[in-house]
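Got some structures for you, see below.
Paired with chain B in one complex and with chain C in the other, chain A is shared by the two complexes that follow.
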Partner chain A sequence: MPHELLSPLPGTFYRRPAPDKPLYKNEGDEVAVGDVIGLIEVMKSFNEVKAEVAGKIVKFLADNEEPVMAGQALVEIA
Partner chain B sequence: MKELKSLFIANRGEIAVRIIRAARELGIRTIQAHSVADADSLAVKMADEAVNIGPPHAAKSYLNIPVIIEAAKKAGADAIHPGYGFLAENAGFADAVVAAGMIFVGPSGDAIRTMGDKVSARIAAEKAGVPVVPGSGGRIEDLTEATQIAERIGFPIMIKAAAGGGGRGIRIANTAEEFAQFLPQAQGEAQAAFGDGGLYIEKVITKARHIEVQVLGDGERAIHCFERECSLQRRRQKLWEEAPSPVLPDKVRRKLCASAVALAEAVHYKGAGTIEYLYDDESHDFYFIEMNTRIQVEHPVTEFITGLDLVREMILIAGGARLKHRQDDIKRSGHAIEVRINAEDPARNFMPFPGLVKGLRVPGGPGTRFDTMLYDGYQVPPFYDSLLGKLIVWDETRERAIDRMKRALGELEIGGLKTTKPLHLLLADDAAVRQGQFHTRWLEPWLEANAAKLAE
Partner chain C sequence: MAIKVLKPGLATTVQDLGRPGYYNIGIPLSGGMDRLATRAANMLVGNDEGAAVLEAVFMGPELEFTADATVAVTGADLPPKLDGAARETWTSFSVKKGQVLSFEFLKKGARAYIAVSGGIDVPVVLGSRSTYALGALGGFKGRKLEAGDELPVGHGKGAKDGRSVPANLRRAPGNPAELRMVPGLYWHRITEEAGKHFFADTWKVAPEADRIGYRFKGGRPLDFVPRQQPFGAGSDPSNIVDACYPYGSIQVPGGTEPIVLHRDAVSGGGYFMVGTVISADMDLIGQLQPHTQARFVGVDLDTALKARHEREGVIEKIRAALS
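For the complex of A and B:
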């Protein structure tokens, strides 16, 4: 049963720590609980989004720099 | 010059509303730029026209120069007002507006470039006879030379990596011994971290106050509109601003304001600008730090004590008018205080709190002004800064103004959101704030000490 990691906050989703840095995770990567998947920027404050389950990233459901709502699925982990 | 009859507003939030108000009183048509996330904003509702300039992400909308220029041209705008933040201090944007045949409401691209670069701004200030923070002025390569400069300016001294930034590579030496120890370390670290061992040193002003002078210029002549004090800051963000400063002696005020006028005239400053200083309360020395080449968030406190409309003046000057005031025309009276109402929860380390406004009560009454973009039922978007509004009060004395601020804060209700209102209520009752006894590093330890009260 794939797990969907939901955005805890509304804001802008980033898949990199900084524009000139590599992606936190790619599709197909293995993740452990607590691994940083991305950032949500809310009113100029940056909040890390961490994996709640271990597994493999099947698919990103939100793009880098995409506006997201609280509760919106960001990534699918199986 | 082209007559200014229509104004494109390349900004959002409360300042967009403020600009629309000033323009409307002048009979100028307003065109409000907005991102998809701001389609329901108060500025969009108030402006004569609104133009969608793109996605919520600021880089794709409010910071997108080609899209903004194209939208303004298409709307037939004579001028673009940049507000504050976003593109307000982007020299390339100012140039692009002019190149597209429109007026930029602000100084020339060259003036923005000169004052925007720390080193060239410091040089311009020194040339105009404005005191700067004593230091090496530029890079130092040689340790002997550094030691000589250090002895001349006195301790404590900040050692910074010339190639550093964002606080990296900074050390503070309190004595000559520490300086001798830290300097080679800093040089080695700078070399390792930035591939450049260049350093510069600056005197540390330990209990500095932040005092800034409002100026208006028409490119030839400049005037000042007195000072504002903004020492109550958290993470370099101002939270409480007032005019006049509660501690500045009149003699120092005259010198400070005159130095700001000299600098504004030296760079042929056009429009509204602010020259920021550090002020040492004990020695009464002041030092130039930087110039902001735009309207500032806290401009209303100056408007309250002088009776001027600074946004109107900047639009008139942009339209080609000469400065209509002489320095002697600018009088100040009473005391004004502004507090920033941010969508942040002071009980939870100022966590941002965007959301739906359900139940809004705006303060009113004598000497009370609330500049905001809120309305009942407004959904505060999470994509931009957290400023919801600015509560500004005026009264005859500072004591009275603080009492009035407490009264006005009591009337303010923003249902559905957490805001900085409880913080300001606590500050208004604080003995040190009442006595004007604070400096730029005062608020952060105060917040830690008062965390329990803020959590109530």
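For the complex of A and C:
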């Protein structure tokens, strides 16, 4: 059963630290607990979303700059 | 008695019913953005309606209690858990010394109000315990909560478990949210056509919306009636000679994105305002998540006063239901 990392906040999801920077993670990348996989922008602050389990990123379930709700699945890790 | 902050949430602040009387010298009202929820939370735990509570936005904190207390969570649907076991929102429950209050993901709304019997007993500053974070004033050290903080709590008589605000007396914004507003002194600055589509368009809450102001995007830009800018006004057609900004006023810098000023707003400046959201609907704004839809509905002052009276009636019914 793959693990789904959920957004802790409503806001805008970003997959890179800045528009001119590379993506934090790509599909197929290995992640460790605590690795940053993206940002949620809300109320003028950017909040890092960190992996809660180690594994491999199977699939991103939210796109870069996509509006997300709290509790929405962002990425699948197996 | 105290509450230990294990995790602070995103921007959890101490708020009461606010700090009116100093807006003329630039100190905003502050206080809970959803005033009905603030009052109801206090009523549920046996406090005065104006006691200080915690306002948690989008995400709940994790709090450990150092003594027994009665707690209630109102406003947004941010489901509370006590030592991991689910508790109801809008309903009082007892907490034992050493227990930890935490929260599920936000389901609906934006801001939850956490009342504790006795109230959060931070010092009163200019008549209020509310936090004005931008001015580092009031609340807990003038700022949002941080892990490791210990919040003083006053002595309260508490209340029974399971007291609940009837569902029909709770209020949440629709989708799209309808925000009633009274067109203002500067309405004449925009064209008739712009005035029509301001009301016709559906707007979306911008992610940067906060306690200072709620910004909306996605409607058509407003066209201005041409004029030679008066002395003292900036060169943009959305500029005016500096004026007072009322709580609830809707400024539209550059004519593109309306901003409704809320509890921590600045008190004046040089942007024209299309109007003012009526007091009865300001609570709804505090419950809007980013990217949710809203529309502005024009009303006259009589309608606004009647709506205010109706809201007071609802609060009176909650008092009666819980007495």
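As a working rule, the second predicted complex is superposed on the first by the 78 of 78 C-alpha atoms of A that agree within 3 Å, B and C clash if a C-alpha of one lies under 4 Å from a C-alpha of the other, contacts with A are read in each partner's own complex, and residues count from 1 in each chain.
What we mean here is this: a residue touches a chain if its C-beta (ideal position, glycine included) is under 8 Å from a C-beta of that chain, and two chains touch if they have at least 3 such contacts.
Everything numeric in this text was worked out from a predicted model, so none of it was measured.
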Chosen between chain B and chain C, the partner touching more chain A residues is C
Kindly classify A:Asp63 by the partners it touches after superposition: chain B alone (first), chain C alone (second), both, or neither?
-> neither
Let me test your reading of the model: by the given contact rule, A:Val42 touches which partner, first (chain B), second (chain C), both or neither? both
If you stack the two complexes on chain A, which partner ends up touching A:Gly71: first (chain B), second (chain C), both, or neither?
second
| Which partner does A:Pro8 contact after superposing on A: first (chain B), second (chain C), both, neither? | second
Q: Determine, under the contact definition given at the top, whether A:Glu52 touches first (chain B), second (chain C), both, or neither.
A: neither
Check: chain A residues flagged as touching chain B and also chain C 9-12, 41-45, 67
Within the complex, chain B is touched by chain A residues 9-12, 41-45, 65, 67
So, in the complex, the side of chain B touching chain A is made of residues 37, 55-57, 59-60, 343-344, 351-352, 354, 382-386
So, in the complex, the side of chain C touching chain A is made of residues 10-11, 57-59, 104-107, 110, 207-210, 289-291
Per the touch rule, the chain A residues reaching chain C in their complex are 6, 8-12, 41-45, 47, 67, 69-71
